[in-house]
Amino acid sequence: MAKLYFKYGAMGAAKSAQALVTRYNYEERGMKVWCIKPAVDIRGSKDLISSRIGLEAECTPIEASDDIVEIYKAFKVKPGVVIADESQFFSPEQIDQLRELVNITDIAVLCFGLRTDFRTKLFTGSARLMEIADSIEEIKTMCACGKKATVNARLDEEGNIVTEGRQIELGGNDRYEPMCHRCYSERLITPSMDRGCQSYRR
Amino acid sequence: MAKLYFKYGAMGAAKSAQALVTRYNYEERGMKVWCIKPAVDIRGSKDLISSRIGLEAECTPIEASDDIVEIYKAFKVKPGVVIADESQFFSPEQIDQLRELVNITDIAVLCFGLRTDFRTKLFTGSARLMEIADSIEEIKTMCACGKKATVNARLDEEGNIVTEGRQIELGGNDRYEPMCHRCYSERLITPSMDRGCQSYRR
Amino acid sequence: MAKLYFKYGAMGAAKSAQALVTRYNYEERGMKVWCIKPAVDIRGSKDLISSRIGLEAECTPIEASDDIVEIYKAFKVKPGVVIADESQFFSPEQIDQLRELVNITDIAVLCFGLRTDFRTKLFTGSARLMEIADSIEEIKTMCACGKKATVNARLDEEGNIVTEGRQIELGGNDRYEPMCHRCYSERLITPSMDRGCQSYRR
Amino acid sequence: MAKLYFKYGAMGAAKSAQALVTRYNYEERGMKVWCIKPAVDIRGSKDLISSRIGLEAECTPIEASDDIVEIYKAFKVKPGVVIADESQFFSPEQIDQLRELVNITDIAVLCFGLRTDFRTKLFTGSARLMEIADSIEEIKTMCACGKKATVNARLDEEGNIVTEGRQIELGGNDRYEPMCHRCYSERLITPSMDRGCQSYRR
């Protein structure tokens, strides 16, 4: 009856804030919440989920080699819910472990994270969540044009969109911009790529 | 302002019926609807979207080598909306073409299709839709246990779940069963795979 | 665990078609479906749910004085799910009876219906559903301008919007038009009602 | 293109926290946010939206006699978005004014608030929002039984559910408990009200 949730959004959508508000809500109702995030998330402290809005909570950093079910089994007082931030960085096997937790122990697991990288490709964790989550829900934010942002564009120092490079770039937020796909593709397109579709614009 | 929609569901969720009801609704409001489906969908007629409930509509079969934007550009009277069935079988490039149609011509494209194959892996088309769709929405159906079905289990002749084989199996519906992930994993698990989690079940 | 659903939409949103597709889907999974609608729905046959797309199914017409729980109790083989069309016409007490069915028997009850009448006021049944449904979900259709329709405008013979009259007008569909609220209010507004806001339009 | 949103939830669902996270998100993207709430909300400061999680923001208290459009028109620098907390306490006319703001100025208005009072009846503001909002979305919280809470039960000093009294009771949060409808009705029911349905429980 409990579910595996994927609450995805673009950068800047206040996903961590949502995770922390959700945690607060569960704790207020008397439940023990276990917060986790992949240790690979290199921004800020490894054992804190923190939001720019000023909220934070302790969490267990999950190493790439960790088995989440085994860590859960070691709790003397079992948590009643799991909240995971930056879930896009989990391995597929770790998402399967979260799935296993839901199936076997009947506790809810809520995974917050990015949908895609700067090349519009699913991350390892988000791909597996898109495959096996019971509930897929978007946390929305806006493009500068006012429409919903769905793409995390990586920008170079001149503000040009970058489409090659490593999936995880050290250095953080300032080189990314959430955009709608239309703005993204319009800024990406060069005259040589134009297929003459503009003439079909209504 | 128009969007690329992915309306996904397990087998038996009446996705084609939903596609055909949506088509009817658009036509009733005076819009020209272009129905398409991948030619690889081998069940039934290539140029018909049909539902077990008794609805059907003509469609353009899209070959693996087709460029959907080019086909669209050849219409003298441009359709105002695109409805795609069995979208899981499109190539990533064809999903990008549908995205391009939305971005350039500002018409809505609604893609109906399966989320995952019998091994719980995204299809080529559904993976790309999960990456770049503006809206991801589930069409629900039930597991035999009453919970929501999310897995398309492939069964052999004895009713055992199969986890190896080709992604697209000739022969159709009768060898698949929509299940919730818990029933799927309980029927899949063998004593040797049991990790002793049952003792943590609340 | 079962829920009371309200699936609301404007006129012409294919709500009855959705109800009938849902019914088909449940029956295909082996469940006994009980279809009902208020006897006050005067369009077409009292004991049929029918959709313009060509689908139909028998239903029990519920009179204003009927107690739905009592009718349910009289079934020798109890239905496993209830699908109600035109639910806006039920009395608040009958919605409470549907709520009671969900609570006591743990079967799902899916209510399809209009949200509001031609004066943008909730109907008796939809008001009570908005109060006590477990799930409120919109079935969408379009305004002529392309945006989502939310208002059921009643038109007189010259096509002017009518805002006075009886809630249920004999004569049916041809005098109503689904609109977005902006088009509705722009067609409704007269110079004397203009509050000078246009100058604030961005 | 902008919309009027109603984000409703039971007490304790962290609605104000959600409102404040949403405000932060808009401001981070460079938009001027106008926060409002009905002056009748007697808990805490009249000119602050505050959440138990520790977030707060200044807001304009709206008196019952205020015209929200007129207040908006007096801004020299017009806000780009309106966030309203405790929206259930607005009058129907004030919800119409928010609707007018959306229609005329094309800015988004997000209304957070309770759905129903302790007798499961819509408040004045939530009733009008259920009628004319473009988007109706639930902010979820839990019943003590683990299911979703939808009812705001008012409890007397012995913990019994109260069903009579004034809609707005001075004294605040401690006398209310969010519940699912089943728990609510089971705690409410007395032997004399039992209709013998338990025998139909599956």
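We call the chains A, B, C and D, going by the order they appear; numbering starts again at 1 in every chain.
In this section, a contact is a pair of C-beta atoms (placed from the backbone, for glycine too) under 8 Å apart; a residue touches a chain by one contact, two chains touch by 3 or more.
Here the structure is a predicted model, which is why all the values come from computation and not from measurement.
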So, comparing C-alpha centroids, which chain is the farthest one from subunit C? A
From the C-alpha centre of subunit B to that of subunit D, how far is it in Å? 37
Centre distance in Å when subunit B and subunit C are each reduced to the mean of their C-alpha atoms: 28
Could you work out how far the Cα centre of subunit A sits from that of subunit B, in whole Å? 24
So which bits of subunit A are touching at least two other chains? 1
Take each protein chain as a node, join two nodes whenever their chains touch, and name the resulting shape: line, ring, star, complete or other. ring
Per the touch rule, the subunit A residues reaching subunit B in their complex are 1, 4, 69, 72-73, 78, 99-100, 102-107, 115-116, 120-122, 127, 130-132, 134, 136, 138, 147-148, 150-151, 180-182, 185-186, 195-198, 200-202
Taking the complex as given, what residues does subunit D use to touch subunit A? 1, 12-14, 17-18, 20-22, 24-26, 28-29, 52-55, 141-142, 144, 146
